[in-house]
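Report on the following structure.
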């Protein structure tokens, strides 16, 4: 694996000063890069009737997730409504999850902000709160200026200073921005960037990223259950899937089938998951995810405003997507 | 003008409890709705070499803007890099501007956040810091769910509780979301929503909004200098224009020509402004705006990361757009 | 006005051989460039119950249009369903219109095909059938390759050989392609390219095109009634408007108000036209245009398949857009 | 397999009159639905220096393709520049290919036009010229009106009257239109519609189409080599791949590996094909495909205008995409 020596030759801009955290740790870390492979639910955040974080219900969900063979949990991903939480709330939830989570489960915490400096600071707080890795979304407000140059600079600075490994996060449905493939390939060479969660669903792109980073021990995670099997097929090592909040055991089963090469069985299971997954993501979003969680024994509840509860017709549609595929 | 009585019949959801701030003020306010007409620069935020807010340079810019017949200033608009400022910084800048600004100039402060509750809170802080009105951008992260229903609900709650009048803010280039026309028309009936800044540039839409809100004393501001004259032509009352940070006097002159019906002269001036405006907005963004400010005697300086400085080629291109139109 | 001499210096590629038609005519033509200013309906094509062209009904529509002060007619524009007509039908309809049309009315015929060679040939046929000018749409199937270079080459070859003046035609709602502004400016220098019909509705772009072609006697026509007044405001000279098939007299009145500087009256009229126009174009398309024609005394009738008749709900919606603005 | 009896109950609109061709043939055809499985090059059309079809060179290409284990050929697909050919040329090329092609190879001919009536006629001509099946692209000019209702109607009429089986063709990169999934599922029930070529690359959609048509013996073909392996993985039966014009043997090898479940080997080969494929399709288009054909011993040559030859820089880029993956 590449370490600081090689990276210094590659990186576009010297940053000077004190060596970054990962560089100090590199001599001991190089031998064992963090293994991301497996399935993660990007957990939802339950709220009370007054829209405060409901830590009690959160704990109860965590208890149930503890019985499923997940690789770990993602906290403060898009499905956690992180843009609606204050920074304090974001960190508190991570701290709470860390306390409940067995030590052998990986905690990946979202720490991406619009500015580089805020992302650097939140990354440090997340590490201090117990995150094993951070998931850093592409900044996107000034999308016309967020080209490869800006994004490479941003993620490099964040990874340089992060105490824990960084996972890139590409989610164009929310950001209306695609992290350019060339930027991903460049960033894959950074010793403290260990992977990518790609929620875009462009399987050609995922295959090419795997291909062009194959010398880097760079790990790609599918960002949605709809293309999980295809992603395994072209070389991904796992998935961060909203649907795992609801059908976690089934997604771990799909993982097992893919990893063991039982593709025919995998296909049958994968196909039954596409519509429920689309319903709780692209079509009806987080309110639908939380509604479905209720049906499957978890605490979902309402979202913070401006996310609205499902209408009656949407609830029926959601139920139909699960029942027509034999899940309800 | 419509006041609380009519609005109560219109609003989709009762909120109960104590009457909102605007409702308590309505008896005295109804007679004199806030007049937004005129030109506003959405001011840039100067930073020190360490990327901290440079209040000294900000004050110097404000001194110069004081000599131009602006209607007021917009603080914490997109060109102020508000997504890169902490909430404390955002409020401090507003407070600083308020101290420098003559009492007869209007201070419009950006207060839009992703969640409704955060927007409500920041709105209150902005009013307390001296804002005469707030500019509330559409929340956009969960864009698939930000339909008319969600947005009407969001803006209604914010306007219900805001101590100062609310201006809607539609900026699809940044949010990748269009505030639906029907939602604008519905919201125009709220007594505490006085107008819209529309940066999309769809002149047909702007004309139709003016038409469909004509009984509401609802005021539309063009969100960019490129279509300012056309917007006046179809019924807008002013503009919030990035280019006013650079060519403020010229934009006030364009306003004067449009308002006094001197369209031939207006057209000549308008046309010379399109390319410089595109350069500092859509094409090269805030870094170009700040570079151009330097050329015209203001403090622009660097942006916060991840916004990058212009390349040499971009700087040349920017200069060309100003010089070929006779401004440099 | 620029003629062949200047153009030779400008054009990127020599074509060699016999001088093109326009060049031969240039000595006599230069003095009097074709004046496009005014309003044109892009006429619809009536069909019989068997979906054949109904020349009888076409003639009756033409009789009625003859009483309205149009500058001329556009035949085989998008509203004429030209992609659904055979080449023979396209030419026959032009020939029929020419016979009915007074000599002082301009006949502009669509002649754009995907390939350059087919466009050259159809242009010649249209001229022979009596077209005074041709309207040439951007080829768009291989849209990823239709950059400025390809489009400049295409339109140059067509204009080089066309016996009649060429009008460029930008209609991104149908082609999913924008004719680049730089290409328009370059092509404006061709002596046989006299103008542009722009249906995109980007008023900033229209203003800039007027500005950058002002030394070329290049004429811009608004491609839709929704932004006709704004287009006049920034320097357009007329409009090709689907809605003129239905409310032709009103659009000519709007033209008169704009041209004579009566902007206040113009605005009132313009605003009442936006919703009916949107209904017969962007929202409900050609089937709605033809339905509305029936209500206003013209022959509209059915479209060729795969265009479907309006549903009952769509018909009600269409009627509402006209009646709520006082037209029905 | 479903035949006319079931379909009659399903179809939305009676068409009346004489039973369609497929219905008459149905009693004998039902037992043996056309098997589409395998790899097809959508062949390019060579031109002479004067841009006429070069039948000599076409034949020479066909001789070489004859040595590769393709399932058949697609003639008049997007890569054949069909929109630039006259109808006569389109049919003549099909007739020529039929003469050269061994009887056991399948000839699939493009026959989609904008209007239903033109598509019906061209479909009949293609069948008469020797096509075993027709590939019918979505009409797209009036894209705002091409919803599921219109497209179901269109394809149903075409399939009702077609003498040969119909394959649906979804190619959003060219049409800027997605054939809705519900329309595909509905149309899969038509006895004369046997499959879909999907060039969009959305693997979730492909998996879902396979899932929802599994009772219909409906066959999905990947429309591009970039996601061929992933498409096999989720249930596609073959591919129509531009790159097969250049690396046909390698794509047949990839097919063999996928079909025989040798996924590890398949992945290695698939990954080396992504960049060359992107170069000859999305990035540089048909001119690049034809250039690459020259390098690999086929006749490619120039495209018809307005498609432009590659620039020198583009040619270098193209070569790089092949050589960096070990193909040149």
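For reference, chains read A, B, C and D in written order, and residue numbers begin at 1 within each chain.
Keep this in mind: a contact is a pair of C-beta atoms (placed from the backbone, for glycine too) under 8 Å apart; a residue touches a chain by one contact, two chains touch by 3 or more.
Just so you know, these numbers come straight off a predicted model, no measurement behind them.
Ranked by distance of CA centroids from chain C, the top chain is A.
Same-residue interface: chain A and chain B share over half of the residue numbers found at their contact. One finds 34 Å separating the Cα centroids of chain A and chain B.
A straight line joining the Cα centres of chain B and chain D is 50 Å long.
In chain C, no residue reaches two or more other chains under the touch definition. Taken as a graph of touching chains, this assembly is arranged as a ring, one closed cycle with exactly two partners per chain. By the definition of touch given earlier, these chain pairs are in contact: A-B, A-D, B-C, C-D. Taken together, the chain B residues at the contact with chain C in this complex read 201-204, 207-208, 210-211, 224, 226-227, 229-230, 233-235, 261, 263, 267, 270-272, 274-275, 278. Note for the complex: chain B touches chain A at residues 51, 78, 83-86, 114-118, 139, 141-146, 149-151, 153-154, 157, 173-174, 176, 282-287, 304-308.
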